[in-house]
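Note that chain A is present in both complexes that follow, paired respectively with chain B and with chain C.
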Partner chain A sequence: MSDSLAASATLSRDMVRTTTYALVVVAALGASVPLWTGSMPFLLILASQAVIAAIVALSLDLLMGSTGLLSFGHAAWYGFGAYLTGLAAKLLTPEMLIVLPLTLVATIVLATIIGFVLVRQIGKTFAILTLALGQIMFALVFVMSGVTGGEDGLQGIPVPKAFGIPVVRPDVWYWILYGVLLAAILASFHIRRSPLGKAWLAIRENTERARFIGLDTGSLKLLSYVVSATLAALAGGLFALFNGAASSDLLNWFESGKVLMYVVLGGVGTIIGPVIGAAVFTITEHYVSSITNSWLIYFGGFFVLIVIVAPGGLFGALSSLWSRFGASRRGAAS
Partner chain B sequence: MILETSNITKHFGGLKAVSGVNLKIAPGAIHSIIGPNGAGKTTLFNLITGAIPPAAGHVVFDGNDVTGWSPERLAKVGLARTFQRTSIFKNLSVVENVALAIRSREGVSRSIWQSTASEQAIVSEAMDVLGKVGLRGRDKDKAGALAHGYQRALDIAIGLALKPKLILMDEPLAGMSRGDRETIAALITELRASLGVTIVVVEHDVAMVMRLSDRITVMQHGEVIADAPPAEIRDNEAVRKAYLHGSFAA
Partner chain C sequence: MSGALVYDNLCAFYGSSQILHGVSFEVGQGTVACLLGLNGMGKTTTLRATMGLVDRLEGKVVLNGEELRGPTYRRSQMGITLVPEDRKVFPNLTVDENLRVAKRKAARGQDFTIAEALEIFPRLGERMSQKAGTLSGGEQQMLVVARAMLANPHYMMLDEPTEGLAPSYVDAIKQSIDAARNRGIGIVLVEQSLPLALAVGDRFYVMENGQIVQSFVRDEVLAAPDRLANMLTVE
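Showing the complex of A and B:
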């Protein structure tokens, strides 16, 4: 990771304050969405998709922003969660309080096995192997088309239930997704401030030194990978239940690239930044792609601009503006 | 002896980086390892601290055969080191650099719950360690923003926070001004006196080494050519030949 990205991942005192404000604003704005989209149900569905994207972005940030491991194949876990949850709902029970924990347990087991091999690689090798993992998962959808539905995708996922009550209303879905996102954000902040989160930061900053102060960097990186994969799988599982279907696109390298863009666009390691990045990307993607088929070109250009002009991402830029605003106010007051 | 290597050997291809080195470090000593560039001093450090595995030989630390142990395992039993190029956590605060080592030593680095009292105790201990190396007033600064001499001191503080029985310092005076060199040299002496920690130093500043050390090992071409107190090393003909540039005039 470059110095600029590394720097952006450090939560300074100013950034902590800005993060707190941003969190309250995001939480309040997000909570009010169903109140003003009543006459436009499509907007509520788009907002729900943005929330799911934000959970995936947060999962990658837990890996990239904490331990500095760059994953080019994070959609593997997102798609894995979607397919596994969808299949469990179809074959076992539509009760989401059963199928989602099942998915999480399966992901923990599989991510531990795969991560055990991956985290022993460093830098580009790790990144390339994660890309390969994503493509293997993608190919498995077609190899196992009898189970996964192949090109047609996994169809016919039943309406999910929570405590035996069918979850159908878009606003209820939104609240569920939003609640999961808020819980994930709070958990991420808690972990970041904990000894574990600080040990992860030490690995990101200087892995060699971390080893020489007695940190078992291999198992700590594995833990980061498993936590990250599990959160991504949860997002995938929620998406499959919300959408009623899962397709191979969820596992494509392009999806992994999008998740990476959410994180870099928002600000690596800032926790709240990737959430903003995912929401901005998802909503903008919808509107711009409805205007032009060349939306990817515009997004690519915008992405390059952000990386050059604001290496700390949107959150870093907003934080910087906020700090300057605060400084000028203090200057005026004195 | 707190540390002994017997016949420790490492080859890189056809190059004998370290060849059959027998080293004995007495507890509480300041023991320096000197030699021309490429003598194998840093490789010997890397072999002792588990950064690279030896091709042959053994390392015994505090009565245990620790050959092939990982750096993290060695850190847990009291073997710390500093690096030729200062190795700190540059984007973290000075106090957090030291606190990380304390949490690791206490075995709480994996915890996701920590009481305020426990964290305060760790920060308080970190401040004490920073006080020992003259960094108490810089605790909130970003480590990477410190001047080179202070970064060196922080590197040592991170090692000390592990409460090591032995600390290996790889060229602690490298790249420093004359004033900073004196400060770090005084710090090394003070640490041995106040903490009783055994210190092994690799250093090119021969004059400083002569002043600081209880014993000196001289290496050349991966082998030990002399091992004796400073006065004997000064008069050793083989050592004089190894240092053709006259460093020993000091």
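Showing the complex of A and C:
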């Protein structure tokens, strides 16, 4: 290897190390939010909402970014998780270590049945069917208003407990949510690097060729759908317990559109990108909507701009800047 | 023939059009059968029908005594794989990922490893961390052949693997066919390039209008190569 190549390889390793350190610092900063928002509890609640949005964005990215299935109705699972967890907490027990696993098991069963039909459809058909599923779930809230609370939403969800201890303090809530987000991110990276993750990507790239090398594309797509739905339901369950309520808005197509925007804004298939997209969207939405009622117009414009200027989303743009920085360092070194 | 790939009176249809009219031939383990013929005679359809990629089939294809049935992935898991002529890689996966995703344990005998694939195609070894979509056409063809071999099939079907390739890439493809044959993998080769077919083929089947109209063993062809060449020339 020539000297310049050796230097370049060393710098590349430096870049990887620097990137890893940067991500650890960002993760630590995220964990420290409750320490510096003590006098502004609203900020902590807003940050908690952003973390829940990030989990649901990550769930959609597990589907879109891996097997390439585009869902217009992902909020169906988010809302399903919220209502089921809320009802279980009201009717059975407020212990979140019981109600959340219950929700996950129910979601796995239902998503497997529904997904079995959905993943056999491709492209636009799949997308339209997911939209229809979302609207059916939305309608069910009103059809079953005796159970769900209908237009008023599900109210009176009791204060949840963890190991029998009531979870009330906002900082504890934040750390629980943040812990779930970090675990979901790490699990996503692990899956992405595993043979399963590679098989999912192969299906996204070319389903027919994936079959030629013996991949059971139907079962693999179903698995990605179920995993994605389950994580979305977990986010919904956490939302219901955190807010003490669930409303039909959680299931509406508008909510599905927002989740899709988190992912596209952040960068499809990048894992970290949708987390960034959800955080930026949630926090900006709060501040812009408090200034003007026309916030959706500004958001729409910003979304169009990002899609045109940075097709890889915010994460893609940041990665590109980071690579250029690395290249300029290599240039300076040589 | 034990362990053979047997085509028994195979008829294939796209919609109401019948493309194959009773194709019958056999390929043994570790042998190369070349399907030859002018364009549109049913060679590619024979391969696609083997993988269940036509609208309707009559007759059967038997592999190791078991009829090939079911969806494409199941046929692949039974031990047959197809390298289509459009040489599509998984473009946004790296070369390394393309190879790893295809790696499957051999049902019998020794596994074909990534290291062995890179011995045959050293060029791929230099590109392992590169996105497969950025490879040249020849490199992509090497990658799809290597990917097929890593699935450790009993039989491999190659559809025009050297079409449009530079001579150095054609040599690499020939080497891969030899390596597969040495491991006992049977090969069905559809090839326009007669020199390659003559270099690797054990049996030669000439197709016309969805049927096999002539078959030759290697010695017959080598004794009178013009006879086969004439059959493949448009008058």
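We take it that the second predicted complex is superposed on the first by the 310 of 334 C-alpha atoms of A that agree within 3 Å, B and C clash if a C-alpha of one lies under 4 Å from a C-alpha of the other, contacts with A are read in each partner's own complex, and residues count from 1 in each chain.
Everything below uses one rule, namely that a residue touches a chain if its C-beta (ideal position, glycine included) is under 8 Å from a C-beta of that chain, and two chains touch if they have at least 3 such contacts.
Not measured: the values here are computed from a predicted model.
Aligning the two structures on chain A places chain B and chain C in a clash. In the superposition on chain A, A:M261 makes contact with neither chain B nor chain C.
Touched residues of chain A, counted separately for chain B and chain C, are more numerous for B. By the touch criterion stated above, A:A199 is placed in contact with chain B and with chain C alike.
In the superposed model, A:L223 lies in contact with chain B only, and not with chain C. After overlaying the two complexes on the shared chain, residue contacts for A:R211 are found with chain B and with chain C alike. With both structures placed on the common chain, the touch criterion links A:I55 to neither chain B nor chain C.
When the two structures are aligned on the shared chain, A:H190 is found in touch with chain B, with no touch to chain C.
With the contact threshold set out at the top, residues 195, 198-199, 201-202, 205-206, 208-217 of chain A are in contact with chain B in one structure and with chain C in the other. Partner chain A is touched in their complex by these residues of chain C: 51, 71-74, 76-77, 81-84, 88-93, 97, 100-102, 104, 147-148, 151. Of all residues in chain B, only 49, 70-72, 75-76, 80-81, 83, 87-92, 96, 99-101, 103-105, 108-114, 158, 161-162 touch chain A in the complex they form.
Within the complex formed with chain C, the chain A residues making contact are 195, 198-199, 201-202, 205-206, 208-218.
The part of chain A that touches chain B in the complex is made up of residues 6-7, 9-10, 190-191, 194-199, 201-202, 205-206, 208-217, 220, 223.
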